[in-house]
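What follows is subunit A paired twice: with subunit B in the first complex and subunit C in the second.
Entry: the complex of A and B
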């Protein structure tokens, strides 16, 4: 994939995530920080399908943004054909792993 | 082929913020905050998965984070998040050609048009907003604000 396209995905995912993360944080503040973290309240959040869907979108966007960012930092440190391939594939695999693990939590709690 | 390995300072060169002004410090802070936020994000995904262990597992996890150390770490995360967001928007605008000036003939003293007051204000704003958000976060976590 061209670097320009990777950077567009990097910036696009960041902009989209900013708005959604703001909603996620506001949910913690609208009902009091400590109360919002109570078990029953968190379970209720996960069972509310639009909110669970938003968490899944945030998970995907931040995983993409985070691991593209890590890739950029590691490629600034050192260059080389094999090194760049190892870094790119490692970041991609780590991103898929994190999305899978987070999605598992969301689905299992949502399904009850 | 000439050997230019002496020019490769590696991680030491990357994290050295001296000599190039606030832009270089913003570059370093952007990478440090990005790495910190990625570590926090992975930890957050792991800690929220504790809800699968039921109420006991969740309460145990929450209790381990609701300490003075936990609040201070979270305040640092809030600061990194706000700085990374505001400075990231500045960087994106700069990459899009916003606020970097117009190309001109390079005349002495060769001041780069892209490193102008608009972007410096952007960097200082990011730092100030991060500090305000950290203080607000600490006030909420320590129960000063509801």
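Entry: the complex of A and C
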């Protein structure tokens, strides 16, 4: 994949995540902040399908953005063809792993 | 002693004399047998117009002729005498001692360049990256074969790139760049500014080729926009702006 496409995904995921995380934080204000973080309310959020969907999208966006950022930092740390390939593939696998684990958590809590 | 005809005789001049003087600290380092940089100090008299290069040449002439320094035009045109002067990359011929406002002047070789000896550094990487971005106008036809005989440009079109054509390849921008310090494969602000210079030229048809060259893992996207390249340029070129404008092309904001 061309570097410009990777960076467009990086910037795009950041912009989208900022918007959705803002909604996520604003949802805390629908009731008292401390109250919104109580166990029962958090579970209720997961059971509410649109909200659970939004959490899933935030998870995907932040994972993509974070691991592309990590890849960039590691590429600047050291150079070399093999090193760069290892870093790129490792970051991609780690990103898939994190998304899978997070999705599993959201689905399990949502289903009960 | 026989004098070779045609060669100018070298005159030994008397040392500069002035009421004012500074301590000039010159970094001495030979990578072949030195493990670290050492500084030699010289007391040099100066006038208000004396440049750092003149002070270094004074040292070479009267105190230590082994000091390695690259210079040529002495008028900020050739880009040979770039070095770190009191912690900042500058051209030695373009920096007056009086404007530094310091009694101690420290000169070191440029950062992010391999050192040949003392103040002289290798320029191979800079020239390689400069060459890599194809720093020339690319098009199939020429002014000779075209009916118009010349490729006209409006003043507005000229303004798009003219400041970037002032680059003298002195390497000060690459020396100041923090990304160059960590990423040994980074293209660098000098080459990226030159890529913009030709991409923005209305006569050029090689935009896609050039953008492809810099669109790689150690290309344009590794710039952190620190802006230090633009601060140190002795010719007023703004490589940081050129890089951001190039990104505009790559993100589809410009065509």
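Simple rule for what comes next: the second predicted complex is superposed on the first by the 112 of 112 C-alpha atoms of A that agree within 3 Å, B and C clash if a C-alpha of one lies under 4 Å from a C-alpha of the other, contacts with A are read in each partner's own complex, and residues count from 1 in each chain.
In the analysis below, contacts are C-beta pairs under 8 Å (C-beta built on N, C-alpha and C of every residue); 3 or more make two chains touch, one makes a residue touch a chain.
Keep in mind that this is a model prediction, so the values were computed, not measured.
Of the two partner chains placed by superposition, only subunit B is touched by A:14; subunit C is not. When the two structures are aligned on the shared chain, A:66 is found in touch with subunit B, with no touch to subunit C.
Contacts of A:2 after superposition: subunit C is touched, whereas subunit B is not reached.
In the superposition on chain A, contact is made by A:39 with subunit B only, not with subunit C. Counting the residues of subunit A that each partner touches, subunit B and subunit C differ, and the larger count belongs to B. Residue contacts after overlaying the shared chain place A:77 against subunit B and subunit C alike.
Of the two partner chains, subunit B is the only one touched by A:108; subunit C is not. Comparing which residues of subunit A touch subunit B with which touch subunit C, the overlap comprises 7, 11, 76-77. The part of subunit A that touches subunit C in the complex is made up of residues 2-4, 6-8, 11, 72, 75-77, 79, 84. Within the complex, the subunit B residues that touch subunit A are 10-11, 14, 31, 34-35, 37-38, 41-42, 45-46, 48-49, 51-52, 55, 58-59, 62, 66, 81, 85, 88, 92, 95, 140-141, 143, 146.
Note for the complex: subunit C touches subunit A at residues 179, 182-185, 215-219, 221-222, 250-251.
On the subunit A side of its complex with subunit B, the touching residues are 7, 11, 14-15, 18, 21, 29, 32-34, 37, 39, 42-43, 46, 59, 62-63, 66-67, 69-70, 73, 76-78, 98, 101-102, 104-105, 108-109.
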